């Protein structure tokens, strides 16, 4: 199977050094030796953020390493499954397919079978009806006449279904969403989702450090374009 | 040829289920069983929109399936050829190359040869000279001193050549363009091209449903970032 | 090694013609026969711009050709190494990895070893302290409370280290950065970096022609979204 083999290959530090000794050095000292050890985020959260960014940007070359790192840092297979499902909606189906292609073989290698994955149609978390009513009414008023289809599926599939699936905590689902938005330059959508993330328990310090993590994995410009919006969200909140 | 083999491989529903039973379920029920059956767009138009989005985002993993689906839904080989050529200009040459790599083998498999493809230099559709004069004058006034090269090629290669090639109807060419703009987050370019699309015969209902289609294939944020601009275009027009 | 083989393959003009005779024709006449011969930029600069755009957009399919073209047009191996390192920071680590995967084999084929690559930790160019003090103070004031981590690494790793590495001239480093920003739609970051590029010696004519080059390799919308910002930068400067 050349395909799986191809996609699963990861560069060694020597490969990197053979093109850029500097990059190998930054990887060892700045990323592995410093960034990942900063205490403002757990290694588990860093894995969730990084994996979300990789899936959002189709970075297949780095996925095998970070999927394994996630599993080694207490991200459950069921959570990885939900992260992919979630990002199918937030980055598009094909992005999720690229991730499936890689992760299916890692799950096989580690003996992770269906019994450790979320049910297709599980019992959902309870819906916060007043909050969803307000969200739906605002979107309907704004875009109901622009795309009734989008408005329909946003309610039925996303907020009354996907977000209520129990195998990824709402706070983590928000962290995945915000990471993907920053990673793909979707600045206009950050305000709503960062607010929701903080309502779901993401702290200011964690959001702040997520930006630091994403700078290395998505590039400085993504983060600098996001920071003014993050600043406005922080300024608008008590917590 | 590991290359072709690699890129042509498509995930099975069982592959998807082995990582996310939920995603397999959404694919069957929401996308195949519901979205594609909505009557506001033909299956042919959905194929054009989806294929444009995939090419715009280098989603090679999903291309074989949707190229075949397009051929099975009355998108002519000559039209697929023109879609790729069009997107070379609207997404960059390398995006078109990724598509060529995959589609050349599908054309070979289906016995589609040069005689069914558009001529390199065909007789062009007639130019709407007053309209092109206004477009060219506006761009020259705005950007002539910023990049004379861009202004030059925009007229000579795009509006006086590419857009007049006869093997893809102007309305379809516009649908391809608008789909690619939404798929790549090029919000600032939607106003002009959606207006042009509607001048070329794309209806409000079709544009609205194109957003619905794109939500699944490019992710919700792309569509939510586009909707305010679509709203403004709709508000500015009689039709 | 199916992987390297896969990624190194480049389409032939006949492959392109088998899907789009038009695209083969545009490639020969407009790009090879016209664009690359325009005198406003050297072939070397066009290689730097194109390679930066390809890395910024993970366009692996076109990289082998343009890496070789760059080496054949006086871009030094040490400069290619620095371009990749630079773009690790400006596009994210995984983008650099995709480039490493391809370039390592080209370096091997051409016998380019460690002795022709920049040191991991070289003697740095002198820091323009007043300028860096102003930059750091502005970023600290703006974003110090939003992400202390981003602000910290921006100073320590980027402006007091990466930008001072001696094997890529500051003017070229700026050209790489601006090309990547335009290629990835990071419009909000162009103002600062285009100004810096022109401070570093990039002329107005070169910046203008870089837009022309990028139109073909990243698509017209990227360039049209960038031009209003470029216009503002040009208007704000004497040179």
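We just call them A, B and C in the order they show up, numbering each chain from 1.
The rule we apply is simple: contacts are C-beta pairs under 8 Å (C-beta built on N, C-alpha and C of every residue); 3 or more make two chains touch, one makes a residue touch a chain.
Here the structure is a predicted model, which means the values were calculated and not measured.
Interchain contacts join each chain to each other chain, per the touch definition above. Interface note: chain B and chain C, two copies of one sequence, contact each other through mostly non-matching residue numbers (shared numbers fall below half of all numbers used). A turn of 120° superposes the CA atoms of chain A on those of chain B, with the angle given to the nearest 5.
Centre-to-centre spacing of chain B and chain C amounts to 27 Å, using the average Cα coordinate of each chain. Each of the following residues of chain C touches two or more other chains: 2, 6, 58, 185.
Residues 2-3, 6, 58, 80-82, 84-85, 87-101, 103-104, 107-108, 114, 117-121, 142-143, 145-150, 153-154, 157-158, 165, 180-181, 184-186, 188-189 of chain A are the ones touching chain B in the complex. Within the complex, the chain C residues that touch chain B are 2, 5-6, 9, 11, 15-27, 30-31, 35, 38, 40, 53-54, 57-59, 61-62, 185, 208-209, 211-212, 215-225, 227, 230-231, 234.
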